[in-house]
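Dropping the structures in below, format is structure tokens.
Two complexes follow with chain A in common, the first pairing it with chain B and the second with chain C.
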Partner chain A sequence: MSGIALYLAGGLLLASCLLRILFDRRTEGEFSDPLGGAGQPSVGTLSDTQLSAQLFGSEDWRYVASLGSKAIELEFLRMRKNLALAWVHAARVEAAALIGAHRAAARTSAHLNFFAEVRVTVAYASFLFFCVLFSLVIRIRGPVALQSLARLADSQSERLYEIVGQIFPVAENFRG
Partner chain B sequence: MNLAARCQREKGVAVSLADETNAKADSIMSARRDLHDRTLSKMSVPLERLVYLASLRDYSCGRYFHDGLTMRFSEKVAAEAMKQEHMEVFSELAHTSLQTLVRQLNRYLDSLHQDWTESLRTWECLEPYRVVVPVGADGFAVRIFLSNIRIAVAILVMQRQSLPRPIEDA
Partner chain C sequence: MLSQAIWIAAVALEALLVIRSVSRGLGWRYPYFYSYIGFVLAQDVLRMFVYTKHPMIYPQVYWSTQFLGLLFGCGVLWEIYRCALSPFPGARRIARNVLGILVIVLLMKAALSHGFWTANRAILTTLDIERDLRLVQAMSLAALISVFAFYRVSLGRNLRALVFGYGIFLATSVINLAVRGQLGERFELTWEWLQPSLYIVVLAVWSSGMWRYSPMEPPKVAWSIGEDYERLARSTRIRLGELRSRVNKGIRA
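And now, the complex of A and B:
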């Protein structure tokens, strides 16, 4: 009985993750800003720790909450949630670009190491899974006071860059 | 020409190119210092500096023009100095906390010496802050900045509405 419940829970989690990915793709237009395209390069977004600290920190929220206006609070949370989701999306785009470059380099390489490629795949898959979970948390409880998760995403991304960089030097072309 | 002579000549070209680049960087630095000392230092609010620097840019071609600076330096150097200064001020503001931004916007609207409420309404309706962003700024910093400014305007509007209305309105 408990086995069935476990399978059901796992299935539900997987389904919700897939829905989130689909939903994320559908709502990308939400983040489009007339000026958003001006500074198009999302590469390096993660490396600006000051911006991510501001986004996922609680200083601005404490200030907004002290004003005592429900409308401002809701607007602030809506905007920050969109920004936080865009941040996670940018992290995914950055990682996908890195993996794309790695794949292109691997295709032309004569000395492919199977285990090294498995390590890259596992690191990339776990990073993507973490991004999905992070998006889920942002959607459920908002982006306020999530610095630790943002730092974790940053370190996961760093790890992926390190692993890819050990095999081919493509990682040097990424990150600001 | 033998190999040694060619190497010597190429080395000479490389050195002169490096000298040229250094000289250009020095003049840009001097132009920035000049712009800062003569104009920007007189603006105490960074938001005011940002609006001013954006106003020096031609909206259609994105180039910066400043007659005084161009007369003292070359047109290219002056334009580059303004561009760098614009980017720096923007970056500073994009990393500013919301509370500080609200305070700055309040002071900036005060410094205009016009009807404060009217100016605030213009910022709310026309969203002029969208055009103060420098070209080439990081997309994410732009988003955070625009979002913060929008909230800052909403906060000032809210604070204005909560103040008692003047007698003439009654």
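And now, the complex of A and C:
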């Protein structure tokens, strides 16, 4: 039965790939202007430390809680959550732009190194994974709860890069 | 009656594809694909002849042509790989590595499950071989499609039709070969008309997509980095690392 599962999985995997290219409306133009999509959040907001301090810090929340109004508290949490989600989304957009530019250049390079490409892809995938995790925590527990997760993400990312570097060694040892 | 109608429609569409390939010079552009279509057309006519005139030798003819068809099918995959990735040497290198890894993994799987190095290999049936080879083809095509998607390789009308047609054919074949033994006679009866009908869909996709020569567009974004790939990869990783640390610092601020 496990053998049949493998064949079924193979057939369904191919079917899903076909569906993906059938409905994928992304174009090559994204390589030339990866940030050009309408409604994308401003990527520059990531550099604004004051904004992120306000978004993820607890100072504002302490003030709102001191007012003692449940309605204001709920509205504050709702808006703060949306802003934090937009901030994480902006990070994903910036990473997508970076990786789009990388792929556009790498795909035509005859000197492409398979291991180096795998390492870039793993680095990008791990970044996306943590962004998804951040979004999930923001939705469930709010932006303030993210701080401990960010510390964990930092240490785990470092470990992941070390492991990937050992599995896929390249001539020059570089760390992101 | 229905199966006969489907057979006639299939032969007509295959003949149409061959005629168009000659009249439009498509055969020179996609030689492996049209060799496959020519073979399938000849196979269909031969099988029908043997089925009506010499039914005793039909199983032998069926399985030997089926095996040859599998080999011609590999040519279609090669055509997709060759045509789609020729303007993208980097993406081609990735595809070659991924396909190599895939074939090694599937060969190891086959060796383990069939006892490759033992006498058990002798009891492998033609159906087993067909199922395994179709699985290798299906996984290879899925890997190729993933590389196309990852590197935004925009397939032209012709290649898109090749990928879709052969993809539908492979996906349905692998699923059929996997479940036909499990679901019994009721499924066999349904599949007897469902598979040829799906094959007509495949031929319709090919006929429509290969009606005229429509090559891939050259890459709109062609940044030449020459031998600087290592520098590019390092720079991307460093910038991804910087972005990650900016995000983490922002959250911890």
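One rule holds in what follows: the second predicted complex is superposed on the first by the 104 of 176 C-alpha atoms of A that agree within 3 Å, B and C clash if a C-alpha of one lies under 4 Å from a C-alpha of the other, contacts with A are read in each partner's own complex, and residues count from 1 in each chain.
Just so it is clear, a residue touches a chain if its C-beta (ideal position, glycine included) is under 8 Å from a C-beta of that chain, and two chains touch if they have at least 3 such contacts.
What you see is a predicted model, and the numbers here were worked out from it, not measured in a lab.
Q: Applying the touch criterion given at the start, work out whether A:60 contacts chain B, chain C, both or neither, answering first, second, both or neither.
A: A:60: touches chain B, not chain C.
Q: Per the overlay, which chain contacts more chain A residues, chain B or chain C?
A: Ranking chain B and chain C by residues of chain A touched puts C first.
Q: In the overlay, answer first, second, both or neither for which of chain B and chain C A:71 touches.
A: The answer is first: A:71 touches chain B but not chain C.
Q: Check whether A:80 is in contact with chain B, with chain C, with both or with neither, and answer first, second, both or neither.
A: Touch status of A:80: first partner only.
Q: After the superposition on A, what does A:113 contact: first (chain B), second (chain C), both or neither?
A: second
Q: Looking at A:94, would you say it contacts chain B, chain C, both, or neither? Reply first, second, both or neither.
A: The second partner, chain C, only.
Q: Return first, second, both or neither, reflecting whether A:140 touches chain B, chain C, both chains, or no partner chain.
A: Neither partner.
Q: So which positions on chain A get touched by both chain B and chain C?
A: Chain A residues touching both partners: 31, 55, 87.
Q: What part of chain C is in contact with chain A in the complex they form?
A: 87-91, 93-94, 97, 109, 113, 131, 135, 138-139, 141-142, 145-146, 148-155, 160, 163-164, 167-168, 170-175, 177-179, 182, 219-230, 232-234, 236-253
Q: Which chain A residues qualify as touching chain C in the complex?
A: These residues of chain A touch chain C: 3-4, 6-8, 10-15, 17-18, 20-22, 24, 26-32, 46-47, 49, 52-53, 55-57, 87-88, 91, 94-95, 98-99, 102-114, 116-117, 119-120, 123-124, 127, 130-131, 134, 146-147, 149-151, 153-154, 157, 170-172, 174-176.
Q: List the residues on chain B that touch chain A in their complex, please.
A: Going by the criterion above, the answer is residues 94-95, 97-99, 130, 133, 135-144, 146-148, 150-151, 154-155, 158-159.
Q: Once bound in the complex, which stretches of chain A touch chain B?
A: Residues in contact with chain B: 31, 33-42, 44-45, 48, 50-51, 54-55, 59-60, 63-64, 67, 69, 71-72, 75-76, 79-80, 83, 86-87, 90.
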